[in-house]
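In order of appearance the chains are A, B, C and D, and numbering begins at 1 in each one.
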Amino acid sequence: MNRTTIRRLQEQVYQANLELKEYGLVTATFGNVSGIDRASGIVAIKPSGLPYDQLSPEKMVLVDLQYNVLEGELKPSSDTKTHVMLYRSFEQIGGIVHTHSTYATAWAQALKPLPCYGTTHADIFHGQVPCTAVMREDQIERDYEEETAVQILETFQLYDYQQIPGVLVASHGPFTWGQTPEKAVYHSLMLETIAEMAILSLNITPGLKAIKKSLMDKHFLRKHGRNAYYGQPGKENR
Amino acid sequence: MNRTTIRRLQEQVYQANLELKEYGLVTATFGNVSGIDRASGIVAIKPSGLPYDQLSPEKMVLVDLQYNVLEGELKPSSDTKTHVMLYRSFEQIGGIVHTHSTYATAWAQALKPLPCYGTTHADIFHGQVPCTAVMREDQIERDYEEETAVQILETFQLYDYQQIPGVLVASHGPFTWGQTPEKAVYHSLMLETIAEMAILSLNITPGLKAIKKSLMDKHFLRKHGRNAYYGQPGKENR
Amino acid sequence: MNRTTIRRLQEQVYQANLELKEYGLVTATFGNVSGIDRASGIVAIKPSGLPYDQLSPEKMVLVDLQYNVLEGELKPSSDTKTHVMLYRSFEQIGGIVHTHSTYATAWAQALKPLPCYGTTHADIFHGQVPCTAVMREDQIERDYEEETAVQILETFQLYDYQQIPGVLVASHGPFTWGQTPEKAVYHSLMLETIAEMAILSLNITPGLKAIKKSLMDKHFLRKHGRNAYYGQPGKENR
Amino acid sequence: MNRTTIRRLQEQVYQANLELKEYGLVTATFGNVSGIDRASGIVAIKPSGLPYDQLSPEKMVLVDLQYNVLEGELKPSSDTKTHVMLYRSFEQIGGIVHTHSTYATAWAQALKPLPCYGTTHADIFHGQVPCTAVMREDQIERDYEEETAVQILETFQLYDYQQIPGVLVASHGPFTWGQTPEKAVYHSLMLETIAEMAILSLNITPGLKAIKKSLMDKHFLRKHGRNAYYGQPGKENR
């Protein structure tokens, strides 16, 4: 384990947790960000139940991909197993965010996928943001947090996690991910934004249909992929 | 009466009143927090009608469980009798909050209990948050503030006040409680949050059903009760 | 004209205009407050179209009850005639506020009176807040701002302006009033608050009925009138 | 090219971009402002994908009316062709704004023009704010940003761009314009405001009709045109 790398990871995860709060995506402590160092397989994650103003970089708990806490006395987020299982399966991601942000959670509670109603959505998510199935009794009785990941992974058998960097967990709330913790927070913010717009659009035009595939492709691909032309060359674009 | 204990109570109640304002749960002076010292049976409560920026710890009015003002010249909140009657019946609580917060009040005005639509709700309230019956003519003519408590207590013959730390008073607004004034404020904030989400979820899926009992239990019990595993051991968890 | 009194009036009106902005009741310059000195019949009112950050007490334009500007080079608010006509008819009021605040304006645009759905409403407005008739062609062609007052005054033939300190002008927005400019602003804030709650309550329970008269009376009268017991004795209560 | 004029233009465009952010009209980098110097035909526009806190006046990219970047190394906004084509056709405008502001975008996604439901709307937009047609497949395959302008220009064959300073691009979001970048931002803010009010009014009164032509004319013309009497003479009125 490379100390410098890990300290940098903790700093990143800490900053990303603060951003989550700043953007208004969490009420009380209902939200957490993690990040992974792929070389060592070490995950840094927010400690469980601590208020945001008591956090510091070194309090970001370090766990390995078998859920072992590597150092420190704080317990990691109660959602740690969900994060870790996603890191094991989604190999290209470097950060994960879970929130109970108002509008995205409203869709998750409504048990509905978030349709792609416009280009704001298509710029970030290449198609609808899926909603998992409701958890079965036998899943609830097993390891709840692992089963949350199982539900997400089952859902993504039909989706590409790199093109749809987020999901609505039924009756619960959103998870988003990205190449870095910061990007995962950005996806969380954008998911909340489009979730709000979608409710409003539905209000104006009940039964509204998703936009067509060609427009979806155009917007997603002008920001992502080989021929992207949005933003400054060689820079992180947001 | 232990002066030091009482001063600490006043300080707590004062801080909790300020938190109420900070969280955006009150417009003008429509909100109040009280706390009780169980050893002496003394309640500290916000004075009636005073703007939040004119409050100070020593202005928190002290009353006993027979509604007598114990010291000072300020009148206690007009809702004092409601608070005191709840302290007499709900023996395990240490703080009470009343607000007219937007979304919770909207449900109270709509005369509907708040259904448990997701895990954010189930983390705090173990089932639906009930709405009292509409006040009868004879109750309105009697002592209005006492009758408000009577309505709440009648409603809680069917509920456990320790598992459902709040209520919607029909045509009026929410009351919440907790082991401390601070916790009661936290419950008030969470009630407002889930009240908003529930309206949005209903908008997306009209006729939405509450989540199943097993999921409700799982979430409530991972934060509360003997086998709770959320948060840091031995700490207040939020 | 008593200089000191008038300067104090301008200061009050200036402060009230700033409060309007602080409370989020105006977008751009869509809002104005006036106040009257009853002894001299002089009205101080916000100048027309000036951004809030360019206001100062001495810029509050002085006009008499015949619409004459008494001093200064600034034009008074384009709504001045509406204000002045209301002062002539509602003899007990000392301040008037006009805004295009979001929720109250939504009701005015929807051409519906705001029903009394709860005690927050009943604490301030003793019954529904009326909506004027839509302006007739011949009225629009005459003096538009005077006719706005005419519409309000016609509406209040059926209401008591001291018990219902506000109105929704159809297709336009709210006017509120009170004993002082500050109180009129307070009524404007409360109108916006209950207008929001009412939309939400209607969303939850379509076809919701207003609360019964006895509850309305109880809440209004515990704050207003001879036997009021809310707030501190001898103090302004809010 | 007059250096001083161009520097002033960049400063104006920079300030207008900041205002956009301050007013809450953009999430992340989803928004841009441009301005034009009509004498030289030079447009200054926000660089593509740069966060607002990294902007400065000299970073506003200069392009001519044939889309050529005139100096600097930053790429202009990906929406540059849309802006430029509008400048070529709408000869009286000096500034253009594009955002994905929540409520206006909700209408654009709902594929509906924004009806004139009240005088707040009529003060700024002389009639409904149109929504373009959905883009055809062949348009998406051609130059997407040019085709966005084509759609707007086709829509405005039926509207007067000086009386309706904005449009909803179907499935996308709003564009607004004005005599200066600052005025275009103001129109963007007002469009967002009336878009919100309109959704709320529709909620209260489903099937609500637009206000009548005579009231629309009265309000628009008291602020605009030869006989305008709103605001201070000889001043920018808002």
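Following the convention adopted for this analysis, a contact is a pair of C-beta atoms (placed from the backbone, for glycine too) under 8 Å apart; a residue touches a chain by one contact, two chains touch by 3 or more.
This is a predicted model, so every value here is computed, not measured.
J.: Applying the touch definition from the top, give me the chains sitting in contact with each of chain A and chain B.
T.: none
J.: Do the two copies chain A and chain D share over half of their interface residue numbers, or under half; same or different?
T.: Chain A and chain D contact each other through largely non-matching residue numbers.
J.: Measuring centre to centre, with centres taken as mean CA positions, what chain is farthest from chain C?
T.: A
J.: Quick one: report the Å distance separating chain A from chain C, using the average Cα coordinate of each chain.
T.: About 46 Å, centre to centre.
J.: State, to the nearest whole Å, the distance from the C-alpha centre of chain B to the C-alpha centre of chain C.
T.: Once rounded, the distance between the two centres reads 33 Å.
J.: Going by the touch rule set out above, which residues of chain D reach two or more other chains?
T.: Only 202-203 qualify.
J.: Check the chains against each other and report every pair that touches.
T.: Touching chain pairs, listed by label, are A-B, A-D, B-C, C-D.
J.: Taking the touch rule as given, give the residues of chain D at its contact with chain A in the complex, in rising order.
T.: Touching chain A from chain D are residues 27-30, 47-51, 74-75, 78, 100, 102-103, 105-112, 134-135, 137, 140-141, 144, 171-173, 199, 202-203.
J.: Any idea which chain B residues touch chain A in the complex?
T.: 117-120, 123, 186, 189-190, 193, 196-198, 200-205, 208, 211-212, 214-215, 218, 222, 229-233, 235, 237-238
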